[in-house]
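In order of appearance the chains are A, B, C, D, E and F, and numbering begins at 1 in each one.
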């Protein structure tokens, strides 16, 4: 009699045979407003069984591909540096097996660990970043490592011109001004994504989706609610574009906070995002 | 002193004088994910008194028409066949009095009973079906009678070319492929509804609305949440088209699950849907 | 050691130096369906600290202007006349200091007190009114003073042609018909707002926003939910137009009912509305 | 085909044949903290069908008695005097038919109308009052008619020594001191109820139960939560004592506020209270 | 890299070495009021990690024993007979390996499958049954297999004098009367449990705990709420008595309905019940 | 016109004249299960206005004493050491003015800062500690500073025999065993509190109340729910004993997590606890 396996729907293959490896990063230690993203990965596994494995948008079925779910990393409390190191280490193991790491947050800071890992293998790495917030501060209340600084920390080693932001609608005046010289920031919506995808078609690309890029009407279950976001249909259009990227080398979806998702809608959205992203990355 | 009458707002006339007869079918016995639609009809009656009787969309007022609410059917547990028989019988009584049966679900399987009844009188019956899910499976986990098979069961006796589906965005690969040869499936949105309504203008038409055709941002209170649906404004546009149908012979609105509707928004939507549908059917 | 100050974010200056004075009017005594707007102002102050002070829509920062929050008025229960008098008195003090009164409701009836005050100084006052409901009844269940009559009461002294309504989608047949001869009612959406703003560019304008003008998908936390409203992005477009008004003399935002806002989304929307409105009014 | 009847479980007989007449008084217009008791009677009717009609505590079954539910009174907003008059009038009709009026609140002020009616027939009326709050203020924020003054208003015409209070644990210092000279106040619990019931055995007695006499652990769904109350088992013991009263002439149970009862527990408690009280009063 | 294992805390050993085998029976198909117990086992696994493995009540630690969690059974919808067969089969495999089956419901009907299995090995089986409801009906709305008949179905083969009920406070008059001749029913509380445990000390005993035996103040998250139950401390006292039973041969805990457990309290209670029961059964 | 003051009810005096100084410590950075206590102090201020200032338990009124509320400390994220230093500093200022510091958490770790401050002035300090958890670990997941180690950290400088624990019902085996030699641990309830209070009558005493000492039926709104706690009435009895302490030199009440308190019951409990504790400390 076997132990009880618990995976996201469709991620039920063996590690060795899989193209994509899903893992949870249940960390919310620098969340400044409403915490709780630490609970997202397991709730998503549970509710994923309300999904079909078939995507009518992409006409692809998860059952036709090999995908693996390695569960959640087990973090200490109150030590962001250690958390990022552990994520980097886990991603290293996946990347070194020529598989695609796919991380479920947790807060956005977790992206740093995964990007650091992927960057070691792909020095020409580009990031496509969908988010309500710029996350470009040099520090936040004195901290260098924060959900509000994470893309700035990625910029520290990627350099100018490698980060493409879409949907941004909140930040300080300084962030919006700094962005002009260092990253490609497309505020409020996804306008221009078409051209960017075309341009990055054959580059190594890391996709990071802060789910609060969605309007709170579609995704209320997050820590810092920012009205004015994109719709789920907009996001599906983005996914159809992403389907043209030939070299996706890493992905994440972050910032679901299930305790603010009374109806279960946000979790259902997050689960469908995982399905679509997985089907985009597999070839 | 009279007993306490409890009807949906505007449905306060006598049976004999009414054009439309509303009834509740509080059944959710084959719901596979989150149950609870059994509670919808009474909650809707209660909250309907937050509505005005006047529709500015159609410039019609419920007070200018005669409508009757016969309450809920009283079902046994765990016997879908019996439930469908009871619905058919209730609808027969309405249809035989030359009135329009208008059913509030419950889960979508209840539609089968009502369609069977109407079909006996109108063998050339056509169905307009708004839904997130195709509901076209031959069986679901071994069951022939299920919310996931209900339109397939209708097809069993209606035959090809009589079912027009809109808004579908979830199902198995098999359902989407089977649909191509047997029904008119218009996925994701309401595109093409205009032509279909024109074509069916003088045919006997049954309208079945699974409220999850709406995006969960507009209607979170349902069992299986499917992001990517239509907006309430889209639905109002559909209703304006339906207003041109000259021979609506039956209707239902199903799948409100009130316990997942913490804000009351979904119930308010469902109530307004009932008002608009009623005003479309009366002439 | 100082007492604990509690203001809406950005409204942290002294009264004398401020252009705008915010105050709460926590009254919901004539609410006919779901009460609770009395709790809105303090919840909004609390959650406002999840906002940035910078608006990327207007490229303006609250920190560059002077604004004051005088807290909530302290009302008796069950006496609408007295409540309106108290509001008028408070607004008088602000208006007489050549500052702009900015009121947070409470139910919509509170608008009457503030409009009466502003009208005394600006007899050519015009009102731009965004709402789901017409609020134009002569009386409501026998009461002259009600959330459902408030714009009619304003019309009593402003007269014809001074009230411009947008987004209206609920009311009695009588209200819709009366409106044709007395006010400018633009139902369902914001079409035509452009022209109205152009026309009122240099007139004294009072802006009253019943937040239920938003679709419940964006703003479920209100007493009477009316599906079919505008989106938050639509509202932002309206704010960009309002930014061209040269003589805003009073403002309010009403009808947030926090106990129906389980996710906090509606409060976040209301807070961002306050920020944008404040930035529009300051010059 | 008959209209849809909606009664509390067991209250399904005709008026003429019934000993007890239930009616709802959905008024919360003087509620000072969290409003919403206006929604209680209908929610209770709905959830009452989760009850058995048999009480194992009293070994009595509702089906063995005749009881009638006349529905809710239909109140105007913002006029407490009118509300009390309407209640008195309704109770008069019941009392004059030699039946027992049994009112579901609403806020506690509604008790005044019913007591006034019963007092006209029974000038030697005694009140047994279970509550967390003394409700003995001369006025509350300037109002004579308020949930916080209701027993004082009853005292105005009943006079000293007719009101017996139990479970009181909140009030002003003045109320507690005034009580000593005018009513029999037994704070915190039900100690001494035994003796009082014995003493009032053959007197005409009106029982008014503010459900917040229960500890919030047993009954969270109320406007003003007061920790430190009695348990449901304590209340059942009280009911067993009340079963010895030979002349119960009126009853009410008030202050359920369903929107603060997310689990449904408070409504279930209130429903069982109604069943037990009804079974106590019938002989 | 291993797949993601998901077990109740402490149940992390191999099947072969374990004394107790936990499994979930996520069935709620005959639930008559509020459904949803199907979601309990997985939510309990998830929240169990908020528990310590050490019980200060019993001074025993789960880490000192071997326990296995085989996950949930995978049921069809709408077929109670099949569900019971599948449970019996699963329990047979556990019993035949001389281990103790420990089932998490689901609704109470699931108990029948497990009891049938255990009874085959232990014909002298006794049941200790803690519950709010008698569950002794001959049928319920025409159905023989129902949560409301489950102990009657057990009595069908166990015969008189083998079932000991405690805490019962709801049922029909018929159930309470039938009980007198056929089972040992101890209503309202746990009085007399001491003697029963002493008497059954060396008998084969199956313990079934319907968690609604607890008062809803301690356990609101269940389908049919029955005020008047025992406290958690009472239940702990029962567990200390059960610790003296020398031959526990099967156990279950049923009727947690997580969607009515907004605070998470009921799930925390259920998890602690599982810990204590497990520690009682291991020797 | 004055700025908006926001204090806990009754704490409306000036600093200089006050005996007690209330302050909020909104920190939850080491919370291991459900975070959110950071939101407690402001929610408590807001809801405190549902309280009366008069305590019938102590027959004392807050209006007869002088008390001050200095608002919340403003902490950085992710730096527990800094947080404790800031609390110590704030308490130093209060203690040095011969006033009693009264802290609202936040998680329990905040107690360390306040105790360190008070200990400097009162080296013979004793702690009375009411809690569900022992909080006596040497470290927790590698961290010395944690909600699970806070009393151990206090013991580091207070030494053996100075800490009196009551109500403890959760911890590791190690904690329970370590306690025997170093502190006075009274598990499960308040038995023996009488003697301890008598013994400490004239000693300098710090009272720290982790509100989860209450059973979750009375206080569900906390991070780690532990069934089996004391009732609110038990706690009131403790307060009556504490009223006999002649030298209370510091106090706190911690671990309310408002986002898990849907009904508002836990916040109401916490507010009443603050009122009673304040009235105990003033002389």
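The rule is short, and it goes like this: a residue touches a chain if its C-beta (ideal position, glycine included) is under 8 Å from a C-beta of that chain, and two chains touch if they have at least 3 such contacts.
These numbers come from a predicted model, not from an experiment.
Visitor: Do the two copies chain D and chain E share over half of their interface residue numbers, or under half; same or different?
Guide: Both copies, chain D as well as chain E, present different residues to each other, with under half of the numbers appearing on both sides.
Visitor: Roughly how far is chain B from chain D, going centre to centre by Cα mean, in whole Å?
Guide: Chain centroid spacing, chain B to chain D, equals 41 Å.
Visitor: Calculate how many whole Å lie between the centre of chain A and the centre of chain D, each centre taken as the average of the chain's C-alpha atoms.
Guide: Chain A and chain D have C-alpha centres separated by 56 Å.
Visitor: By the touch rule stated above, which residues of chain D touch at least two different other chains?
Guide: 34, 215, 217, 260, 262
Visitor: Which two-chain combinations qualify as touching?
Guide: A-B, A-C, A-E, A-F, B-C, B-D, B-E, C-D, C-F, D-E, D-F, E-F
Visitor: Which residues of chain F touch chain D in the complex?
Guide: Spelled out, the residues of chain F in touch with chain D are 50, 52, 54, 56-57, 61, 215, 217-218, 231-233, 236, 262-265, 268-269, 272.
Visitor: Mind listing the chain F positions that touch chain E in their complex?
Guide: Its residues touching chain E are 33-34, 168-173, 176, 187-188, 215-218, 220-221, 224-228, 260-262.
Visitor: Which stretch or stretches of chain D touch chain C in the complex?
Guide: Interface residues on chain D, with respect to chain C: 28-32, 34-36, 38, 76-80, 140-143, 145-146, 259-260.
Visitor: Give the list of chain D residues in touch with chain B in this complex.
Guide: Those residues of chain D that touch chain B are 1-7, 14-15, 21, 42-43, 45-46, 68-72, 93, 262.
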